[in-house]
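To keep things simple, chains are lettered A, B, C, D and E as they appear, and every chain counts its residues starting from 1.
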Amino acid sequence: MRGYSRAIILALIATLVTLAGLSWAGIAHSRGKAILRQTAFVQNPIHSVPATPSSVFTTAHASFNDAVREFLGLQSTPVQPIAFNHRIHIQKGLQCTTCHTGVTQGPDAGIPSTNFCMVCHQVIAAQKPEIKKLAAYAAKGQDIPWQRVYWFYPSTHVRFWHSPHIRAGLGCEQCHGNLAQQTVAVRSKDLTMNFCLNCHVAKRVSVECITCHF
Amino acid sequence: MRRRDFLKIAAVGGAAVTIDGCGDHATQLIHFIPEETLIPGLAVWRPGVCNQCSAGCGLQVKVMQGDAEVVRNGQSGLIKMGLAKKLEGNPQHPVNHGKLCARGQAGLQVTYNPDRIQQPLKRTGERGAGQFARIGWDEAIENLVTHLSPLASEHPPQSLAFLTRPLMGQRRTLVERFLSGFNGAQMVSFEPFDDSVLREANRLSFGHSQLPTFDLARSNYVVCFGADFLGTWNSPVAHNVGYGAMRQGRPGNRGKFVQVECRMSQTGANADEWIPAQLGTEGHLALAFAHVIVNEHLVKAESAGTAGSRIDGWSKGLPDYSPDAVARKTGVAAEIITRLAREMVTAGSGVAIVGGAPLAQTNGLFTALAVNALNELLGGVGRPGGVCFSPGLPLDESKRRPANAAEPRLISVRTFAEQVLSAREPDTIKVLLVNGANPVFAAPTGWRVREALDKVPFIVSFGNFLDETSNLADLILPDHSYLESWMDDVPESGTVDAVLSIAPPAMLSLHETRALPDVLLDVSRHLGGEASKALPWKSYEEMLQATFTPLRHSVGSIAADTDEEFWGKLKQQGGWWSSNRVGPPKSSPPVASFAPVKSEDPTWDGAATEYPFQFLPYVSQQFLDGTHANLSWLQELPEVLSTAIWSSWVEINPQTAARLAIGQGDLVEVSSQHGRVRAPAVLSPGIAPDVLAMPAGQGHEEYGRYATGRGANPVHVLAPQMATATGSLAWASTRVKVARVGSGDLILFSGGPTEFRAEKLSR
Amino acid sequence: MDAIYGLFSSSDAARHALAALRTGSPELGIKKESIIVISSAPLEGEGLGWEEQRSRMPWLAVLGGLVGATTGYALASFTQRAYPLPTGGMPIVAPWPTGIVMYELMMLGAILTTIVTFLITARLPRYRDRIYDPEVSYGKVLVGVAEADRDLSAKVTQRLYEQGAEQVKEITGHQERLRERQPGI
Amino acid sequence: MAHQWGMVIDLDRCTGCEACVVACHAENNIATVSPEEAARGRTMHWIHVERHWEGEYPNVRARFRPVLCQQCGAAPCEPVCPTYASYHTAEGLNAQVYNRCIGTRYCANACPYTVRVFNWFSPEWDKPLHLQLNPDVSVREGGVMEKCTFCSQRITAAEIHAQAENRELRDGDVTPACVQSCPAGAMVFGDLSDPTSQVSRLARLARGSKLLEELGTLPAITYLERE
Amino acid sequence: MAPNSVTQTNVIDQEAERIREDLLRPLFRTSWRFYTVVGVLVAIGLPGLAAFIYQSYSGLGVAGLSNPVFWGFYITNFVFWIGISHAGTLISAILRLVNAGWRRPVTRCAEAITVFALVIGGQFPVIHLGRPWLFFWLIPYPSERHIWPNFRSPLLWDFLAISTYITGSVTFLLLPIIPDWATVRDRSTGLRKRIYTVLALGWQGTPREWHRLETAMSIMTVAIIPVAVSVHSIVSWDFAMALVPGWHSTVFGPYFVVGAIFSGIAALIIAMALLRKFLHLEEYLTPVHFNNLGKLLLLMSLLWFYFVFAERLTVWYGNETAEMPGFWSVQRGQFAGLFWTMVACNFLIPFPILAIKKLRTITGTVIASATVVVGMWLERFLIVVPSLEHKFLPYNWGSYRPTWVEITIMVGTAAGMVLLYVLFAKFVPIISMWELRGGEHATAAEVAARGVVGRSGAVPDATLLGTNG
């Protein structure tokens, strides 16, 4: 009886030893790429250690919380520094393209700088509290830190060009809702892949994955 | 475990605590009003001038709007600004025809380098300890002016020196003018692997003291002695463009290419015939070719003209250079010599190229003159498919310097160091201005540059980076990167046209840096007097405009009615080039009297018995002389033959290695009479058994996070030997020995075996 | 649910008891269908109810397999055609891989059908209204009669004891109260 | 007829200068890893220049061959992907859809050219190197496979621009970064379905061959062998 | 006749009761040893879990995989465990199918191995993912992305096959447990009784239930064998479908299946030996079982050797450029040590032990099995890694060196497997009580002599392997 229990223990030990041997000695010997550590050196001592590379730009998540939110597709509602009123501007006859100048030419719509706002608001409605905030930014030489309303997580790898959609005759409201009815812009459409695909299928335009994901 | 990993784990652990507690970092920063407006997401292409080597290629810079973290008026914040996103060649540019080499492409990382000096620094600790305090520009300029004003007023001889890497375009003029305000100021030019021997030879042979331009595209036969012209030498992009056309640009007429060298370079790998010759005997081989050509009456000896006359015995048919005699010397079989010589002539148009290691010998000038003579004999000089010299701009060169100013003395770093170290009054040089040159890293230890710099009382560096030389500075006034400043250059070679490359800044400056020319103008204004008279312009742009608008009157790529229009188009086009090609000049009249060179063998430092190997440092494909070692793209770019990345190494012939029991990747120590260096071995089939080769560029002690402490610097073993004729460093004339010292490590991009044969691979 | 049953120590005794109950069913006034046998292991030999057992389970499994295979084909072909993405130069509905999908789903279908059929035909799970005695798990064989709301005790008890029952118990009402009955009453 | 994008690489012109490699890094936001990671063979090159030695010293020769994704017509990498992250577009591109990729790395095993690279970690850039990132191209996250796309962002942009100008794409409208940079003009890109395009004409040359042609992967890249 | 019969049955009854007590003892009595074992296994397993979390968060790069060796230990373990899983279901199904009487004490512990090996092995494809949190994209379900999984991918076949297999195996394991749970239910009290009451599904033991159970089992027996064969074939196709020299082989299907059964039997023998020792089942798991399984193992060892030989022979003889570097690296290159260890473990050592009757004892078969398990793991490793290291273009060759993460996860999951098994043995009678009738287990001779088990249409047992014990 004792005999084979010892045999089992021996076999287990042999397994572990084999595994250890595998991992450290046998597998990756010599000619492969992985020859670790770099030891070429000069005789002069290195007198200053290079700065530790700091990771600033990464698609990794800042926290576990972020990762979970992204996984679940949660996007927090943006809080704008100035309660920009879209409705009033549209009512006054401004076109979307007056401010969002990039929309007909390139991928991004763009948001004008404080200077652009001040072209009008130097005079118009200068006394209103929100405009005063604007003026204060302008006086400090600062731009307004607008928050994005529509955006995608980096892991969606979505590239979107506005201009072809505008050229195709799509109205802004197709994807952004009727801003003539909105004050501060809110995310009124859920821009899911389903949303995009339905339109692309209906209009018989490309549904190749790499049309948008590249 | 790396710190990053730790933070990540900590983040997981802390997630429960910090639920929703994380804000967007970007929103906490101030947003500045943009200083230029660009359509977001759309690229604009702006011209540029490449500064990654001295070829002077024209750039096209893709600029797109992005959010950059900058400091404005002492406040940090975010700004939407045009950011350079990609560098491409300027398609109109006559040198590079829209192409750009790997190093040129990587130039983007100069501007965005994390280790750039972002604002003026003042030394606080011991010199060389690397301790600096950040200061403002006003303080910095004031500091410099304080040190310079006594020199400007008192006129002590040799009080100021300007140590620089070879300057491009009007920068050189500006610096010369600046220095002319100081009596006895010296310009110290430093380029580790310079071509002064070739320039001198070209002056003697052809009357042009400049690097040659090759018309490879129309050449039927290229024989190259040692120059890595497709990789690193002279104007590589122009050469590649021409090479491609030579090979397959003319249907049915594929040019032949023969490379003579003892260590296969990237260029040599492309040769139809690769001929390893003894290092330093390339001149003999060239003359042996000439011998065959002349003695077989394929071409008359006299047709070599002046270039031929520089060689002793030319007119007598070069009796000393019979193929048999030369075969013994060079190790190249006589039959090969004879065959190649005949081929060269029958090919129609041929060109001989020389550069690199053969000229970095004590007999470099002999070699260069020999090849020049061969070139002239082949009839290629000034003809299609041959060699020519780029014409200068049709501008009045006399305006370069104020008439009354003395030309600053141009000396080498070696002379400078000797002067400083030997001077009785050690502070003869009171102020040293350093721009881009890094002799502490790249000059042989025997030159004692570091000791010399230690004796200079005040060193100012205009460097972008803290390198070994800048690290010794007392004051650092960081320059803009070349994408952030006005750039101009007149390429020395690479084109048959007269070319001016010029470009305004492609992007606004990212950090609180200032362009060197503008700083010098500013300083000269502060100094007043002679110094300011020589530099009457408010800005460098103004100087460039004043200098180059006269080009409007020459026939060239820009037609404009007014100077303003011309200037505007010039800025847009990224340069000016003569449209009707200024014909390549014929051999110029003889230059002074010169005793014809006799057969000369190289002198090696070190006895062959004790030091059995010839040591061949070579300009690195990734880093050139080491300037680019701080660019991560280039560190991770496999050197194409060894496939090594993030490394430096010693190349050894496999048979030699077997004899010395050295295996691939083993750590070896290479030692000469002057120093030692340790690096892993790379067994390379393309190197002569008695040669050890090592790439330059690594082994930085101080050059940012990507370069510091990485690899080894071959310069440490070099003998401070000079090429006899020019006084430049004979960097390939040291003998060494080698020994395995341990199991070293090497990072190779390719995990494959070196012995694998390609022919099995595909059909 | 009312029931009465005897516990037997041997399968032979149980078989005899079962036979006795069957043959005596008109006399005892019980239906043959309400005679129950419970054992802790499948009983060997004739006469213990096995011969009556027939099941279409194998056929159902085959049917389930067919359904699975069809599902597999439908799944593979409809989903692939819904968003046709060519890969590797293969047809959108590639025959060989679809065959594998069909095969696996066929087997899955057969297995699931078997499980479901087993549970349904064996009337499992069922936690209420069951006649059971823990003694069974000690190896006893239970033979008895289960007929709703009928008092059969005396005769059946008698008969069970005659056949060698070690114990006879009865269940009355919905509480499933167990009451042991003594022999000879 | 949809475009069929293809490339010709003239090995007689290729000098091994590796301009294409850096151009690709710059264009496609390819991360540099680190010496430690590089030592594990985890560099991210989408294109590399293979070097093969032939012969012994002194009759030694090296051959260069730039190898990038061959955009195979019958790509072994595509069908093995369980999530369709790898598939074939109508324009002949072997697409890699990053967001669909779950990181099985099966495609990379199946690829006989070993040109697929995996993000073993999420890439990082030391500040401010992130400013060099091309906004036209995604930054891929850790756990995702990537490879040469024939610079599909440039194809898309060229198509959008052509559309804006109401015209068809012309030969030469699209040049991937590597082709654009190649000093020796060794690489030519274009539409193989257009028999008059430069790439079609070159692909028909007798010197042309496909890499590992015998595997039947139908690469879209033709190599013109060195003479 | 009747009294005689009664006496007889009473004896059997007592015997059966003793069996039940023996087999139920582990369920009701918990010794310190159980807690120690569980503690140790948890202690080994948790670091594996931690390593997986670390890997998920940091990136797969913390493992030793590289370009071009994209698969390493994880896939090796996946194949290995799926192979081990063939212990049970397949063996047990075959033995059931041929109605080998001696199988009765063996089947359940074999089937349990199947289920747990699948549970463990099935984790590896997820563990090895670059973005494991998205593993559910393998499941065909309608999503707003309009995209379904790619049914052309062998990984999807894997998913389907393993899903089917695990469903089948669990069924196969659970169905015969129901009556045993009923027994436990009847003998326990309190919470345990309530749990087992639920688990027993209200099992009574009527002829109808027994009949349905046996019918279901016979269908499952027939169904599970092709499923098991298909599972390991599909696992082999993960490799064979890829254009990798050394993988792209038609023999891989049967080769993998044979290897799987081989390692499965070995795992079963080890498990039986451990159970016998620790649960004191000496009387039930007798040398006869080990002897019979040893013979099976011997057969598989020969088959395995045949396949290895056939596969190597064709590669060597064909001498294709692309295949040879990988081949030689295994035969005499850096993997030669592992290769010859594998050959020793799978053939040279077990063959004599199993072939010589005197050595085919419990100790002998266990030693042979232990080497086979190690050898089969090595075989999987040698299929996965050397081929990936040597693909078509030699410039891109690379190498693989696992890190602590992979090893920790591997050891941790192995501990998890054992833990699951230990817990199973704790909560379920590891030998099917109702199938094991009194006296039937006594000796093989008796087994052979006793013949038929009463089941309608059943083949008389001991036809195949049970007869010559």
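Couple of notes before you dig in:
Note that in this section a contact is a pair of C-beta atoms (placed from the backbone, for glycine too) under 8 Å apart; a residue touches a chain by one contact, two chains touch by 3 or more.
Note that the coordinates shown come from a computational prediction; the quantities given were computed from them, not determined experimentally.
Here the chain-to-chain distance from subunit B to subunit C, counted in touching steps, is 2.
In terms of the stated touch criterion, the partners common to subunit D and subunit E are A, B, C, listed by label. Comparing chain pairs B-D and A-B, the larger number of C-beta contacts belongs to B-D. Averaging Cα atoms per chain gives one point for each, and the point farthest from that of subunit C is the centre of B.
Nearest to the overall CA centre, using the mean of each chain's CA atoms, is chain D. Averaged Cα coordinates give subunit C a centre that lies 30 Å from the centre of subunit E. Each chain gets one centre point, the mean of its Cα atoms, and the points for subunit A and subunit E are 46 Å apart.
Taking each chain's centre as the mean of its C-alpha atoms, subunit B lies 66 Å from subunit E.
Inter-chain centre distance (subunit A to subunit C, centres taken as mean C-alpha positions): 60 Å.
Under the contact definition stated at the top, the residues of subunit C that touch 2 or more other chains are 83, 85, 87-88, 90, 94, 97.
For subunit D, residues touching at least two other chains, in rising order: 35, 39-41, 43, 48, 50-52, 76, 79, 81, 84, 87, 100, 121-122, 124, 126-130, 133, 136, 141-142, 212. Chain contacts: subunit E has residues 57-59, 64, 66, 68, 146-147, 149-150, 152-153, 156, 389, 393, 395-399 touching two or more partner chains. According to the touch criterion at the top of this document, the contacting chain pairs are A-B, A-D, A-E, B-D, B-E, C-D, C-E, D-E. On the subunit A side of its complex with subunit E, the touching residues are 1, 3-5, 7-8, 10-12, 14-15, 18-19, 22-24, 26-34, 60, 64, 71, 192-194, 197.
Partner subunit B is touched in their complex by these residues of subunit A: 31-44, 46-55, 60, 62-66, 101-102, 105-110, 113-115, 138, 141-145, 147, 161. Subunit D meets subunit A in the complex at residues 34-36, 39-41, 84, 87, 89-91, 93, 95, 97-100, 121-130, 133, 136-142, 149, 152-153, 156, 160, 163-164.
Those residues of subunit D that touch subunit E in the shared complex are 37, 40-43, 48, 50-52, 67, 76, 79-84, 100-106, 108-114, 117-122, 141-145, 212, 215, 217. For subunit B in complex with subunit A, the touching residues are 3-4, 8, 11-12, 14-15, 18-22, 27, 29-34, 37, 39-42, 72, 77, 79-80, 114-115, 128-130, 471, 646-649, 664-665, 667, 675-680, 698-699, 701-702, 704-706, 708-713, 716, 744-751, 753.
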